[in-house]
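Quick heads-up: structures coming right below.
The same chain A turns up in both complexes below, where it pairs with chain B and then with chain C.
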Partner chain A sequence: MLIAIASGKGGTGKTTVACNLARIAKTPVTLLDCDVEEPNDAFFIGGDLIDQTDVSIETPSVNDQLCTKCGVCSDFCKYNAIITLPKKVIVYDEMCHSCGGWIVCPHDAITTNPKKLGEISIFRNGETTLVQGQLKIGNVMSPQLISSVKKHISVNGLNIIDAPPGNTCPAIEAVDGVDYVVLVTEPTPFGLHDLKLSVALLERRALRFGVMINRSDIGDDGVEKFCDAKGIPILARIPNDMRIARAYSMGDTVVQSIPEYADLFRQLMSRIEGNA
Partner chain B sequence: MKELVIISGKGGSGKTTVSASFASLAKNSVISDCDVDAPNMHILMKPEKTLTHDFHSGLLAEIDQDKCTSCGLCYEYCRFDAIDKSTDKSGKTIYRIDELKCEGCSLCDYVCQANAIKLSTPKRGVWMESDTKYGPMIHALLDAGGENSGKLVSLVKSKARVKARDDNADVLLVDGPPGVGCPVIASISGADLLLVVTEPTQSGKHDMERVIHLADSFKMRVAVCINKWDINPEVSAEIDRVAKENGAMSVGRIRYDRSVPRILSEGKIIVEQDGEVSSDIKQVWRDVSRTLKS
Partner chain C sequence: MKIAFPTAGDNLNSVIEGVFGRAKSFLIFDTETKEIKIIDNTANLSAAHGVGIKSAETVSKAGIDVMVCMNCGPKAQDVLESADVKIIVTDESTISKAIEKHNLNKV
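Coming up: the complex of A and B.
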């Protein structure tokens, strides 16, 4: 099974839910940290680093001898990543989306160079495998890196994707193709506003999902009312417990520091399985 | 006019809470929400008299099914996995563009022999010019799954800058997005000071370091403020140390208070009421505005 833990708003508890579900899983579990701009699951899962590989994209490299400065490549590029000057063609790697458009060159003057996008690290801790993508600072192509992380989805057992916040390309890349999405939110107007955006996105992608309310006893009942009206299942509610905040701050999972919460996460898992 | 961008790396650390408070404390500011993916400033700022503009950007491909010969070249060449392949009842292979994955590179159009690709510049969202009781506000909302959030952020910022100059504002306050990617890079560009609002957790510390490194690559000044610092005083001390090592200055701490979410739920801005958290934020603003002027 492949589930994703997502949220429009940042800081609602995606990492907490993903890591604690991984901890209580009975089967071997692969946790895929797709929040590649700011990956944090490794703090909570730990374990041994068993593999680390760079992920690169191809960017164009212009052969000055063959290039006639005709400008076809820069006219084609939609991202302003290639500029043709009278005597030189300049490639701006950081603007390049690696679309493959260099094939338009009529003089075969363009080859490609690998450009590091980030890295994928694999950690193992008992039955848990953590696949973490981390974007190199200054890069903008997080969806490509997320797609590389998702190549590590295991055919056996449970796969949990920890998605990036937001409702645009990186979030879509992370949740596409999963069996079920858990939307984590908080009961505040901020949480509700961003939840509505996420729901619209998941409905557009025809994905199955339910909502988990974190810090459920703060704020107001707007999220509950919205879910009620839309018929969205509320899978679990985690109270605003200072012990959870402390455990999180130290990089500890809730189920290990405060064992009484293990049942809550087990129930959440069985409701996910029941709904998926 | 000075430009202050409030970011965090990690989401949910309190950017909007702090930004809205600053907007209320600043005497003469223009406010801008650059978290166009999941904007929240308007919930607290309650903008009025909104002028709404459509945001069109980038290209989107579409396949004309009458012209398509099902040769599959577009499917083969697309590097964004944006072409869906299926089979219709008669057994013919059908190719369709996945609108949310298309990056608008137009390579499909280039390789198509049947001239079946149509390219358009679609509406991706809206941007708005509003008034609030604390000054003008420029904000935006990307459509669910909308592409080009970086471009919308750049547009919001440029409009906000024009407004701030026209109004002779002292400060342009920008509530930024989480992360270190494309929208963050667009939102920090050209700022006089970045304020990183972080929280005393391992994640908060790690994410702060990454945004500081990003800021370094643009040679920008960075200040750090720890929200809910007393949840873990030891990690707060570590954060101050790491911030200092990375050349960022500390501009105060905000304590944890259970009443904050309730006040926000009432749609109120923290510094509009008296209290310890309110005084903490006022102190941070004094330090930040002094730094901005220096």
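Coming up: the complex of A and C.
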């Protein structure tokens, strides 16, 4: 089974949910940290580092001798990564999405060079495997690294994707193709605003999903009313409990130390399995 | 000398657009012939990013010598300099005021 923990607004509690679910799972679990700009699941899962590899993408390199400055490559490029001036061609490889469009060159003047995008680190702690993607500082092309992390999805047991926040390319790359998405939100106007965007996105991508409300006992009832009106299942509600915040700040999950949260996350897992 | 200004207007009293890469058009003033030419830039504005780079490419291809603007990002600057275009940063609001302030009305 493959699930994703996502949210529109950042800071709602995705990592808390992902790591606690991983801890109480009964089957072998693969946790995929796809928040490649700032992965942090490793603090909560621990374990031994068993593998680390670099991930690279190909970016174009123009042979000035063969190039006639015809501009076909610049016209093709939607990301403005190749610029043709009367006397030279400039490549901005940080803008390049590595689409492979360089093949349009009529003079075979473009070859490619690998450019390091980031790293994938794999940790193992008992029956839990953590696959972490980390973008190299200065790079911005998250989706390609996220798709490399997702190549480590296991055919056995439960796979949990800790998605990046937001509703743009990185989040879409992370959640596409999963069996079920848990949208983590908070009962505030900001939470509701971004939740609506996430719901619209998941409906467009035809993905099954439910909502989990974090800090459910503070704020307003906007999120509850929205979910009720749209018939979106609310899978669980976690109260604003200082013990969770304290555990989080120490790099601990709560399911092993507070029995009522072990129950809450087990019930959440059951509801996910029931709804998926 | 050909001088370019990012602007939505079509004459020397037009306001210089604040963001170079998002200018709707570029006005090119030839100090020799006193001719004015407008280059449309709206096709570049729909891009998600890299508009500064593309706008610099578009305007450089018109064979300008100088670009006068209120600001210019580092990549757009790089493109202009690679095309041997001199960049003048101004805080004057209109084209004619900038021409006067920076003594550009000479051949």
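The rule we apply is simple: the second predicted complex is superposed on the first by the 270 of 276 C-alpha atoms of A that agree within 3 Å, B and C clash if a C-alpha of one lies under 4 Å from a C-alpha of the other, contacts with A are read in each partner's own complex, and residues count from 1 in each chain.
The definition used in the following text is that contacts are C-beta pairs under 8 Å (C-beta built on N, C-alpha and C of every residue); 3 or more make two chains touch, one makes a residue touch a chain.
What you see is a predicted model, and the numbers here were worked out from it, not measured in a lab.
Once the two complexes are overlaid on the shared chain, A:Pro259 sits clear of chain B and of chain C alike. Contact with neither chain B nor chain C is seen for A:Gly231 once the two complexes are overlaid on the shared chain.
When the two complexes are overlaid on their common chain A, residue A:Pro106 makes contact with neither chain B nor chain C. By the touch criterion stated above, A:Thr188 is placed in contact with chain B alone, chain C being left untouched.
With both structures placed on the common chain, the touch criterion links A:Ser98 to chain B but leaves chain C unconnected. The wider contact with chain A, measured as residues touched, comes from B rather than the other of chain B and chain C. When the two structures are aligned on the shared chain, A:Thr84 is found in touch with chain C, with no touch to chain B.
Chain A residues 78-79 lie at the interface with chain B in one structure and with chain C in the other.
If you check the complex, the residues on chain A that touch chain B are 8-12, 15, 37-38, 40, 43, 76, 78-79, 97-101, 103-104, 135, 137-140, 142-143, 147, 164-170, 172-173, 186-190, 193-194, 197-198, 200-201, 204-205, 215, 218-220, 222, 240, 242, 245-246, 248-251.
Chain C meets chain A in the complex at residues 47-51, 53-54, 56-57, 60-61, 63, 75, 78-79, 82-83. If you check the complex, the residues on chain A that touch chain C are 74, 78-81, 83-88, 90, 92, 95.
If you check the complex, the residues on chain B that touch chain A are 8-13, 16, 37-38, 40, 43, 58-59, 77, 79-81, 100-101, 103-107, 110, 142, 144-147, 149-150, 177-182, 184-185, 199-203, 206-207, 210, 213-214, 217, 228, 231-232, 235, 258, 261-262, 264-265, 267.
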